[in-house]
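Two complexes follow with subunit A in common, the first pairing it with subunit B and the second with subunit C.
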Partner chain A sequence: MIKLLFFGRLGDATYAAPEVFEASVGLTAAGVRDALSSLYPALGRALFEPQVLVSVDRVIVDWQQPLLDGCELAFLPPVTGG
Partner chain B sequence: MRLSGRQFARYSRHLLMDDIGVDGQDRLLNSHILIVGMGGLGCPAALYLAAAGIGRMTVCDADVVADSNLHRQILYRQGDVGEFKVDCAKRALQEVNADLVVQAYAQSVSAEILDGDYQLVLDCTDNLAARGLLNRHCRASRLPLVSASAIGWEGQLLAFDFVRQQSPCFNCSITQSKPEAATELAEDCSSAGVLGPVLGVMGSLQATTAIAMILGYFQQHGELQRYDGKSGRWMNVTLSTNPNCQLCCGSKVDV
Partner chain C sequence: MRNRLVVQLVDFDLAAEYRRLCELDGAVGAVVTFCGLVRDCEQQAPIDSLTLQHYPGMTEASLGDIVASADRRWPLHGITIIHRVGELLPRDQIVFVGVASGHRAAAFQAADYLMDYLKTRAMFWKNVAHGGERQWVDCKDSDRQAAHRWSQDPKRQ
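Up next, the complex of A and B:
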């Protein structure tokens, strides 16, 4: 299983985001995002905002990063104001 | 520089720290920091740096103080509304520390402003265009850059030591997912809102990071630090040089 972490407002209860995702061969961060979008449309819209960052085991990665069973996949929403 | 008797008293709590002491305080007193943006981040960052004994500060911001600034921009008072932020900031900062030399520019950051003898730059801006400009300049000039941002309950800090050739840059983080992500977001503090103290956390973190960098202690270069005040969570993630970054790897991204 892949552990999912939705940081900040992506973790708001209204999104009802799941905590884990079934690992499979060739699965990428983008693949998880696509699957979540079809199951949770509001969460999907938030994940498709520009500048959402994704990390695997606390390292920022490309969305095409292949995921290994047991990793932590985290989504970080954009923060740009000041 | 020799500390005066008054300065010995003023900075005594720094002098008591083995890893600051007289030498470290002297280094702070001889430092010149550029702060771009005197809003929610710039106010707390500048206040702590002024109090801590940074010797010179150049501040720039084109805006005047508005009522809607007062819940978070803690250098300004109700009577300041309508005045340039940098003029009010200079006055308030020098009330905190009369030894501080402040150069104030009531304008957006420009090549003229960037052309200074700074030890470090604080990015306290609220838009991607200014952040991109500071990133490019600091990277090219090999100047340390401490960039922060906030929205809602959340804050983010990125510190880059561009003295190191292999440092990732701000553009690396923005274009990590895809080059087209390097566009302004529809949401900023003026449209989505922000909790005032979150900016205090992030601005104070910028000041702390700046002091740690000037004193040569800071280790988290190229790490992205995230804070969520609502849940009380912090998260640090590592950023690496991104093959999609025009500045670091020469791909065709225009930021």
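Up next, the complex of A and C:
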């Protein structure tokens, strides 16, 4: 399984985002985003905003990054620290 | 350790952090410190509290990248960044940036640079509570432009 994390507004309860996603051969971060968009349209619209970044095991990666079983996939909206 | 990067729930002691930077090295001739506070209103509406979320591990790594880039730009003796997370109240301290260098120009510029990049690259997300409702704070264009200027103006490097 792939662990899913949603930060900032992407983690709002209204999106009802799942905590895990089943791993499969050839699965990419973009593939997870596409699948989530089909299942959760409101979440999908938020994930497709151009400033949303994705990380795998705490490293920012390209959306075409292949995913390994057991990895941690995080969706990161624009930051607002300081 | 020359640089000190901390993400914590609890408050920090400005005077103690300043002293630590002063005492790093006999060649330190300038210490610039900045402390960010929770305003009591956001977009002209009073707030009850501000909650900062972070991504443990990745947030610290993002702070490390920002500090390393400042170290490459200026001759610095030490950098301290303390960023609080969790629920904060108006007037609470949120963030501390302190820079020690031989001369003031490097310390002023590096502190300014560190804050600009903290605002736009460090992995924190702010959520404001007011009137019983919660709202995520959007990244401001002015913050993005402030960070962008460091890659545009070679005289500032």
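One rule holds for everything that comes next: the second predicted complex is superposed on the first by the 78 of 82 C-alpha atoms of A that agree within 3 Å, B and C clash if a C-alpha of one lies under 4 Å from a C-alpha of the other, contacts with A are read in each partner's own complex, and residues count from 1 in each chain.
Note that a contact is a pair of C-beta atoms (placed from the backbone, for glycine too) under 8 Å apart; a residue touches a chain by one contact, two chains touch by 3 or more.
Keep in mind the model is a prediction, meaning the values are calculated, not measured.
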Note to self: Going by the contact rule set out at the top, does A:Cys71 touch subunit B (first), subunit C (second), both, or neither?
What the structure shows: neither
Next item on the list: Based on the superposed arrangement, let me know which partner A:Ser55 touches: subunit B (first), subunit C (second), both, or neither?
Entry: both
Next item on the list: Using the superposition on chain A described above, determine whether A:Ala23 touches subunit B (first), subunit C (second), both, or neither.
Entry: neither
Next item on the list: Examine A:Phe7 and indicate which partner it touches, taking first as subunit B and second as subunit C; both and neither are also allowed.
Entry: both
Notebook entry, point to check: Is A:Trp63 touching the first partner subunit B, the second partner subunit C, both, or neither of them?
Noted result: first
Next item on the list: Report for A:Gly82: first if it touches subunit B alone, second if subunit C alone, otherwise both or neither.
Entry: both
Margin query: Between subunit B and subunit C, which one contacts more residues of subunit A in the superposed model?
Written below: B
Item checked: Contact residues common to both interfaces of subunit A (with subunit B and with subunit C) -> 5, 7-9, 11, 51, 55, 58, 74, 76-82
Item checked: Touching residues on subunit B, where the partner in the complex is subunit A -> 37, 39-42, 124-128, 131, 148-156, 173-174, 176-178, 180-181, 183-185, 187-190, 192, 194, 199, 224, 226, 228, 230-231, 233, 235-240, 242, 244
Note to self: With touch defined as at the start, can you tell me which subunit A residues reach subunit B in the complex?
What the structure shows: 5, 7-9, 11, 49-55, 58-63, 74, 76-82
Next item on the list: Give every residue of subunit C touching subunit A within the complex, in rising order.
Entry: 36, 52-53, 55, 57-58, 61, 83, 94-95, 115, 118-127, 136-139, 143
Notebook entry, point to check: Taking the complex as given, what residues does subunit A use to touch subunit C?
Noted result: 5, 7-9, 11-12, 51, 55, 58, 74, 76-82
